[in-house]
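Next come two complexes built around chain A: one with chain B, the other with chain C.
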Partner chain A sequence: MKSLKKKPIDLFENLSIVLTGFSKADIVGTGLVQTYFDTVKKELGKEIFEAILNAIENIKISNPEHPSDKNARQIKDLMGNINFKTPVSQIIQLWYTGEWVVGTFSPENYIVSSESYLEGLIWKAIAAHPMGGKQPGYGTWGFPPQTFTSKN
Partner chain B sequence: MSKKTEYDVVIVGAGISGAIVANQLAEKGHSVLILEAGAKKDFSFETYREYLNTYYKNTVKIPNSPYPQNPNAPQPLVTDVGNIEDGIQQFNKDSYFKQLGPAPFQSTYTRAKGGTTLHWLGTCLRMLPSDFKEQDLFGIGKNWPISYYDLMKYYRMAEFEIGVSADVEEQDYLGLAFEEGYVFPMTKIPQSHLDKQLTKWTKNAVFSYEGETYSYDVVSTPQGRNSNPNPKYDGGKGYQPVGAVGNPDLGQRCEGNSACVPICPVQAKYNALKTLEKAVNNGVVINEQCVASQILYDDDTGDIKGITYKQYDDIDALTCGESPSYKEKTITAKRYVLAAHAVENAKLMLASGFKNKNIGQNLMDHPVLLTWGLAPEKIGSFRGPGSTSGIPSLRDGAFRKDRSAFRIEIGNWGWNWPAGSPNTELTDGLSENLFGKQLRQRLLDKVQREFRFGFLIEQQALSNNCVTIDDRYKDALGNHRPIINYNITDHEKEGMLAAKSFSEQFFETIKGENKTQYDSSKGGYIEYKGEALWWQGAGHLAGTHIMGTTKDNSVVDKDQRCHEHKNLFLVGCGNMPSMGTSNPTLTMAALSFWAAENIDKDLTELKN
Partner chain C sequence: MSKTLESYKKQLHDNLQTAIELEHSTIPPYLAAYFTINQDTNTFSWNVIRSVFMEEMLHMTLACNIMNAVGGHPSIDNPKFIPEYPTKMEFADRKFDVGIIKFSKASIETFLEIEKPSEDKLMVRGEYAKNLMQPIKLKEKTIGEFYNTIKKQLVYLVDTYGEDKVFNGDKSLQITPKDYYGGGGEIVVVDNLDKALFAIDIIVDQGEGAAGTIDDGDDAYFGQDQEVAHYFRFNEIYLEQQYKPTDVPNKKPTGEKVDVNWDAVIDMVNNPKASDFPEGSPAREKAEEFNQLYSHFLRALHLAFNGQSSLIVKAIGMMYQMKYLAAELLNCQVPNSKQFAGPPFEYIMPEARKQYTWLIDELIADTKTQQN
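Right, the complex of A and B next:
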């Protein structure tokens, strides 16, 4: 990854923050940044992975937790780009579900580890907890749900 | 393995029914051996954790996902039922069941020590008194040779063993009677926020259908999961909840893990390992990796002479790799019990050449019509046990002569069952190129309003719905694979129409959005009177060796003893001539206590 000026892992972290809509604390708090960096690199191959990191470096996101309108448009373009659409979706799915998704019900899909399932951000996104883990406690399901708004 | 040559009792199957009989008889001082087909597993919590890790890492989170397929004792999977292509239902090539249709049989069970309660939901409804005599009352199905009132004592024993949480004053509807002063072992499991909102939104509203009106009463469901012990239980003695096997401090109370099916991480939900461990402490021996393959009997007297089983060599516990190497052995005892679950019990008797024509017939399930939609506001889905309440008003009524009754289960896990949420919602968002906070917001707004109904449709016992065998279809050990013939009657489809109408009126009443949409390529899709319907299996396999008054109308008598084989008892849902609209396990557990009592009497007479 010689063409990159920043450290690849830092770029990957920023990319992950922007793509998932979660804070740096949420992303780092999973303890999985390095694992997923390695997973994505292995699965996509060095060339595509580097191209994505390159693109993200060129976008120059100043604040990944609250990307500017311009940055958001640039990411949207990236997702619309035929070369990047699938890998970017795969990275989001990895963070959201802990699963490397090759295709719907593909036998090549796999969950990276028990931990990665439990750290899936999808459960946080829906204000719940992973099914089968991080139990919220007796009777909590009787309480009104928590709230979240993207304006936070 | 024990050196003992003859046991008082040999039981086939270490699920809830076998475990109850074993423990009851051991407590009375009888020697008991259980043959269990599943792979060798100790009672440690670490072993159980392996199941949990398997579940976490499985990309397809179906009920059997924590419990690996074992070629020596294969189990059916919900994914065996494929799509409908050109009007023809497809089945996975490697399915354990050989299905002959015309309708797909979509329910499954688990062949591992502890049995299917490893992944049951734990709903513990008693059957209604009318369910025991539905032929007399409505001209449908079959009567029981015993009544609700005969079973009451055994229901109490089953509620103790499973550890049922419920408030008795909420459960005395539609003729359900409880003894004066009876309370359940534990107080009711708190109802979900969804349950409470639905109660509020449907207050004073009614559902009308074919000139009758019914209330929308949302009632909390009795459940086999730990809550707070009721100090009034057992005349003020109270109740001690049973925690996890191998780690009893864990699981003393439900913690809201929201994974009861397929696996409760802390065992706050009952599973049969709890009863089995007690049984072993009372002296019961379990021989694992022993698949019963034949029951030997005397042609003249019908008496059972022994059970032949195949004991297979160790297999890799996690992957369950194929290991066709085994030893064949025969074991004898004074009394024999089959507790291998409805389909396996029937299969075993058929493979042994039993003559009773009712064996394998009257296969039942609860076809579950699913409907789903969005609540008018966020209700906090994907929290708590799979279901904490239901709507019982359509479980009984004069209408049962014209259409099936049903119980309505309110699901707490969004559209997980009908539509694979939340993962499918993520895929939908990605297909629209959403990312970041927009994606997150969309998931939250949508999923937090999701809920579903499951309508458990009563199915009648009919001879055409049956299990048979054919020497062409065998598994790796050379045991038969079950052949299933199955269909849904117009009576049941009429029930489904009423259910669909209920759902439509319900979503209007609460000002929600009905999002039910049936995919005509999915297994279980049918059209009836111009209406699209879609149903799934409930896992409630029953009726393959029903009880009755004579050998012509049944396999076992009211004591759960085979009419034609006096030293053989059968237990499990196979004995039930009807299920009504209750999930069957509580009733079946009650019958297992009753069976154990009869076997004990029999053995005591024999020994004196």
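Right, the complex of A and C next:
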């Protein structure tokens, strides 16, 4: 990762924020940034991983949680890039499901760890809880999702 | 006649409010120890601390039932309800800091101070002294002795004014086993002196042991397996050895050795506060979210203990949510530090709270209608 100026793990964190649409606090709060950094590096190989991090570094995002219009276009280009399209979608699926996905129903797909299953962002996104873990409390399924909204 | 039933009752209500606050104030420190260890690397301690705070939640609920039974009203959504940690706990013979700190020898030492058993014999049912009614400022030596004072007040008042005048609370305000599930023993519906004394016995025996023993009484009260009281459970962690059923309070445990891993602990900052963390940092964002949820949770509890008992279900759901948020906080490193953030348990005034979907007024009203 010699070509990178910033710390690779910080770039990966920014990449994860822009790809998932979740806040830095939510990403860091999973406790899985380092685990996923290692997983992605291992699975993609150093070369392609470094190229993606290089691309995100070059975009120079000032605020990954609220990218400017220009940044948003650049991120979209990156996601559409023929070389990056598959790995980027794998990273998104990893964050949302905790699974490294090689292909639909591929026997090579695997859940990274029990934590990665529990911390899948999909559960937050749909305001549900992972089946068999993080129990929400008896009877709470009778209520609408609990969220904070700003007062009108 | 300088004192009237009303003035006596005011004292009793003040003491019960103190009891409710006391029970609640122990929970954040216990939770901090619990959240910073892992079930796999500290199985014994994890289970012990969990069993204790579940029982503290039962104690708080029982204290609320007693308060409602004697015509008082628990006040929970209130800035004075929560201490600012670290707080001082003061008994007749000792004063010590209680804080939100990670699992450690020091935190278990504090827990032992909190749950210290009485050396003096506490009142057993039917035995009481008259004219002991006077204001209390935790001038007792233990929590058990403090509850003993409440018992004496209750007995004195019933003796002087009759049970109907003392236990004149609205019965619909009681939390029943139907509302409360799954933790720490069964809830007691309090509508007379006997039930009130029984509820206090549960609280005291679970905390410091039944009548000069290490036993918590749950086997007799709830048909559970025999287990030792909070003080002795914490002592098992501290001394890394379990009690045998035949062991006695003043001697060291002689049972099986316990595996305690003092190093497999998340390095949480002491007494975390949201404002300690830089704005925009994950630690700050999650700490503020935690405080928002905690403050709404206190409102849910307040409403539940003041007539809308079905809100307990939501309050428990919110407790789980706080647990998951605490786990997220403990993944957030404090900027420019090697330590991690933790749950602050800070009160946010109602007007500064975000709107929370579970406690929107219409939904609360809905719950009330369904209940009636």
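Quick note on the criterion: the second predicted complex is superposed on the first by the 145 of 152 C-alpha atoms of A that agree within 3 Å, B and C clash if a C-alpha of one lies under 4 Å from a C-alpha of the other, contacts with A are read in each partner's own complex, and residues count from 1 in each chain.
Note that in this section contacts are C-beta pairs under 8 Å (C-beta built on N, C-alpha and C of every residue); 3 or more make two chains touch, one makes a residue touch a chain.
Quick caveat: nothing in here was measured; it's all calculated off a predicted structure.
By the touch criterion stated above, A:Met131 is placed in contact with chain B alone, chain C being left untouched. In the superposition on chain A, A:Pro144 contacts both chain B and chain C.
When the two complexes are superposed, the chain touching more residues of chain A, out of chain B and chain C, is B. When the shared chain is aligned, chain B comes close enough to touch A:Thr104, but chain C does not.
By the document's definition of touching, neither partner reaches A:Ser3: not chain B, not chain C.
In the superposition on chain A, A:Asn58 makes contact with neither chain B nor chain C. In the superposition on chain A, contact is made by A:Met79 with chain B only, not with chain C.
By the touch criterion defined above, A:Thr20 lies against chain B but remains apart from chain C after alignment on the C-alpha atoms of chain A.
Applying the stated contact rule after C-alpha superposition, one finds that A:Ile122 touches chain B and leaves chain C untouched. After overlaying the two complexes on the shared chain, residue contacts for A:Ser89 are found with chain B alone; chain C is out of touch. In the superposition on chain A, the residues of chain A contacting both chain B and chain C are 135-140, 143-150. Residues of chain C that touch chain A in their complex: 181-182, 281-283, 285-286, 289, 292, 313-314, 316-321, 324, 327-333, 354-358, 363. Of all residues in chain B, those touching chain A in their complex are 52-53, 55-61, 190-193, 196, 227, 253-259, 263, 265-266, 378-385, 388, 412-413, 416, 422-423, 426-427, 430, 433, 435-441, 443-444, 447-448.
Per the touch definition, chain A reaches chain B in the complex via residues 18-22, 67, 72, 75-76, 79-80, 85, 88-89, 92-93, 96-97, 99, 104-105, 109-111, 113-114, 117-118, 122-123, 125-129, 131-133, 135-150.
Within the complex, the chain A residues that touch chain C are 23-26, 28-31, 134-140, 143-151.
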